[in-house]
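Look for subunit A in each of the two complexes below; its partner is subunit B in the first and subunit C in the second.
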Partner chain A sequence: MTGPFKKMTGNAYARQALLPGGFRDVLAPAADYEYSAVRQLLKVFGHYGYDRVSPPLVEYEDSLLTGPGSTHANQMFRLMDTDTQKVMAVRADMTVQMSRLAATRLQNAPRPLRLAYAGNVLRVKGSQLRPARQFMQVGFELIGSDALEAELEVIKIAVEALESVGIRDLSIDLTVAPFIRELLTAFDLEGDDLAQTVSALSAKDAHGFDALPDKAATIFSALISAAGSAREALSVIEGLTLPKKTGTLIKRVRSLVDAIEESMPSVAVTFDPSETHGFEYKTGIGFAIFARGSNTELGRGGRYHVDHPDIDAEEATGFSVYMDTLMSALPAPKSGKKLFIPVATPAEMVKRLHSDGWRTIQGLTETADASKEARRLLCSHIYLNGSIQPLD
Partner chain B sequence: MTGPFKKMTGNAYARQALLPGGFRDVLAPAADYEYSAVRQLLKVFGHYGYDRVSPPLVEYEDSLLTGPGSTHANQMFRLMDTDTQKVMAVRADMTVQMSRLAATRLQNAPRPLRLAYAGNVLRVKGSQLRPARQFMQVGFELIGSDALEAELEVIKIAVEALESVGIRDLSIDLTVAPFIRELLTAFDLEGDDLAQTVSALSAKDAHGFDALPDKAATIFSALISAAGSAREALSVIEGLTLPKKTGTLIKRVRSLVDAIEESMPSVAVTFDPSETHGFEYKTGIGFAIFARGSNTELGRGGRYHVDHPDIDAEEATGFSVYMDTLMSALPAPKSGKKLFIPVATPAEMVKRLHSDGWRTIQGLTETADASKEARRLLCSHIYLNGSIQPLD
Partner chain C sequence: MQMSEKLVLALPKGRILGEVMPLVNKAGIIPEAAFDDPKSRQLEFKTNIDNLTIIRVRAFDAATFVAFGAAQIGVVGNDVLQEFGYDDLYAPLDLNIGHCRLSLAMPVDADEVDPKEWSHIRVATKYPNLTRCYYASRGVQAECIKLNGAMELAPSLGLCNRIVDLVSTGSTLKANNLKEVEVLTDITSRLVISRPAFKTRPKEINYWIDRFKEALKDA
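Let's look at the complex of A and B:
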């Protein structure tokens, strides 16, 4: 914290600890800085036709558990609805709400449907990587197109949005969990073999495939070691003899990498063909965006299905950012300038100062020494005798 | 709802009902419209030096029940903190969080402390007047000044903020619950007499004082009938013989009314001297803002105490708005313009259109009839052969 809020007694520190773990007060200037970044992200999504929607924080548990929601089943706070005696839950993720909207209220809106959102999500427990139990999720979804251009549009917008808030040197990491699933099926892996293979893939342990037939072991080992530059990883995979009916997704990755390199030459593209992210809910290419040289994932997206109760599932691609992570990748905010104005300053003058971009702190009573009072109030400038003067 | 989301089958209507009562999806263009209004309110608060702070949605129950929080004790959803086995609660109001910040983390920040906030609050049950169980509360607090100028500053900013989002012909209604409390004490009212008097004041029932001594009955009846124009109400009260040690607050109302009329001549000022709002947590003048001719209270504020654990309570004045009420007092939002651009439109051109203020919807694939596709996607304009054309 900087500015007016930096002083804190031991006593106050103790009381600050009275917030439950994972919850925090965001003070000035950080709170405003975060909301400006949210606004900027939504502005870019909006430029590309994504309409902001705002579902509630709380829904019936069932509707938050459908489709992609199942990933967060253990992460949701439950509440009792006293009216209906039904269990409600606080959302732990907003993409499940976008799926619900697409499948219900917006099922007849023209496709592709473009939705944007920003809102708080709560989690029962923080993780080691993410101790926060409340954070703001901001994202957008392109629902109802299976074209490669859908992935490309989402990645382009994600990159533009992150660059527009000040993130530089972006890197995109692609994954193809369904391809791994295809391989596991093609090699008829079951029981212990299946569990051991999934676990070795997750741990990136090339020796974990020793019990598998040679052909399978060769492929899985190659996938693990191929992770890195997308061009090089694709060369490795394209040199492998893959089982029949697998590998379509690899061709799609090739096309996507070509398109990204053409349209976003400054963005580095990596590919981790063995990464499954626990198979989450992705049904196609997944992607995560990093600032190059950092291990912090700034945002994540990919292709998934929106399940409809009455019609076939539709293809969707989305991207979302957790604002706490994003803010920690940006420079710390500075306290803005504030102009002290004496109590008698006319209202017309105050409004003129505001339209010139000043934030004013008006004295409530006469003070003998206005400059001293301005400094006490941590103002950077003072309006005195008709002119604005900086305070040291 | 207008625009792309107006079509809805009976089926979808049924599913929409699957949200718990009092919770709702806000779709386009309403969601963006509401957030623009929030931004505008915060912008005005910010101009006057109010720093945005953002406390968490969830705290330990105890800390949400202190001071002004007790008003909402029955309205808070409780959650169990699995780590500590302590009871947490979801905030039902944000002013209690501002008091907590002022009393703890910001106890050493210079006074007066100016804080602004915007965030969702949840309520266990909707009321008849306010069926919503989730709504956004936006407000600001001036903490640490007992000057009349504090009330005046808060009212001025509240008026400017509401006018800036498009509310016209504002009216301010003043109340003085602590004055009523003084009278009840001065007349030594106890037991049934006290209960009956409070109830009659609340019901504005002039016959409810029949059992009281003449002097008390006269005063309470006069207060009930005095409600209306502040000038007239003050004349009535100033003509009464009030018990000793009461009436200081009436003098303050007189000064405030003079100041409001001088600085905000277009704002109507009314005064309801018998209104107590259940004595809530106000310790001085309370005020509510209405659009003239409407019964809908757009926002409410007033003076209260911030209690500190170690030092004396400090005087504070605040104002807050519930966004659902405010939005319902504004004209319905219109769907914005959208420009359809063919898939092959160069990225440079797309960015130029955005900087010209256009929202674009880019085709993902080639279409035989671009105009037809643009209409299907509910675009208002199309970019064709290098020029922007409106679609009928």
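Let's look at the complex of A and C:
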């Protein structure tokens, strides 16, 4: 070692057992808290008829790269299948797997197809903002319907599920990635102009359109400043002269905003017509869910296409959350109550306590001071002389 | 307008602070007296606006605070924005202050060689990502040495043969026998906004963007 002697604390094994960056052990009570939140989300999805499916962690690389999967190409761990000599990859996203199921094994299942899932995904690299490399993705997909009711159903269930795990003051941000794509095509932007416009749109930089023709510049800067409350944004956009094709998309957004406000009055709805980031593969309305007071986006979803090998692409819409982000938006878990049971408590009694909802810690050997032993084992209560007594 | 939740404005220490304060004041934000007291060790300052506080941090850190949502509004140079490439930031306003450029410089007396012929080059810089990108687009592998200051010393002492650094007048380069070869990017300070704050508090955030827009018009 160079430099001054550095005093190392801990033992060699503790250093050896450090986990790779982006991976972590989740202990009690956080592990159980996360598990019950996952179960609660799936329960709500299940109430609405979304059947849970569980695809494998590893697939052949090319299957995970189909369609929208290609956005995750540089995020997947690869390994070699020694059997077939083909490259396999660990999933970095589960929606790709839902598309695969819909297009293959469940091709003949009645439409619309409703699927729910929960599972771990793995990423090669974390970022400073999102260092986790393994986290749980939970979501559901509604495949085979292009109705506006499909978007509304997905948003409704997403909101109900998030509220049921304890998220409050939800706010939904609507986006329409194809709207911006249509505009860029309509104005014939190419090369540097296109790159500059796209980057100005994603930064919301109103001065980034100075090089464009007046008409385009006016529209793009108006779209940027329109972002905000959905009602106000829509009235700004409806006042602009836009290329014809984009009108139907905006009409759809208006109908959806009306429907959300009618059925979920407590939820704030914003509309950001210039947002494209992370919604590149969306073929219609996309949405992200935020909660006031939380620093991150909680989940997102929207409309996309499921590609079929033989027939036309199928309309789909869905929603998913990353559990690590969701858990950080929830209050810290409390340790549950535990009841210490001294040796020789009758088995029937223990069973009865369990059916009353108690979690018990069985004393295994005779101790002089049972209360002391109970405290040492972090119990909140003790079963003593035939009754439950709280410990402080 | 609802102005209940805390709102944090992150300002960069040093050179830019003097230029940005007139704009902040014109936008209607006046910090408490300790802000102008050089002896004060305080890092977070109250203002005349009830729910708004100002934090004073290093230029690179202002972007980080806003990207993590710890501050909702910030002032950051586009050099820092490009170096980090954070997704969760919007930069809606060019504040037209802190003008300078990020440039590649080399010793005055070194031979002019076409860098295309090199397979790799060693560069001292505070901006390793930007520098690597710049050379990568020219097909050259850049080996970046991260320095936090006094970049200009590095070539003459044999640490590297090029530097990428901020240049405003060019006099520091000249004094150290260096010449500016190419401008990587022109720099001004931007008003930046955290994405979640923009989405969940659009009215309030847009109100402050508009205040800064007006302040710019008057400037």
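One rule holds for everything that comes next: the second predicted complex is superposed on the first by the 370 of 392 C-alpha atoms of A that agree within 3 Å, B and C clash if a C-alpha of one lies under 4 Å from a C-alpha of the other, contacts with A are read in each partner's own complex, and residues count from 1 in each chain.
FYI, contacts are C-beta pairs under 8 Å (C-beta built on N, C-alpha and C of every residue); 3 or more make two chains touch, one makes a residue touch a chain.
Since we're looking at a predicted model, the values are computed, not measured.
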item	value
Touching partner for A:368 - first (subunit B), second (subunit C), both, neither	neither
Which superposed partner A:338 touches (first subunit B, second subunit C, both, neither)	first
Touching partner for A:153 - first (subunit B), second (subunit C), both, neither	first
First (subunit B), second (subunit C), both or neither touched by A:229	second
Partner chain(s) touched by A:311 [first = subunit B, second = subunit C, both, neither]	neither
Winner by number of subunit A residues touched, once subunit B and subunit C are compared	B
Partner chain(s) touched by A:81 [first = subunit B, second = subunit C, both, neither]	first
Subunit A residues within the subunit C interface of the complex	128-129, 171, 173, 203-207, 224-225, 227-229, 268, 270, 272, 277-278, 288, 290-297
Interface residues, subunit B side, partner subunit A - complex	4-5, 7-9, 11-12, 15-16, 18-21, 23-29, 31-32, 34-35, 39, 46-49, 51-60, 63, 77, 79, 81-84, 86, 88, 90, 101, 104-110, 112, 114, 120, 122, 124-125, 133-134, 145, 147, 149-150, 153, 156, 263, 309-310, 338, 343, 347, 354, 358-362, 364-365, 376-378
Residues of subunit C touching subunit A in the complex	5, 64, 67-70, 81, 84, 86-94, 190, 193-196, 198-203, 206
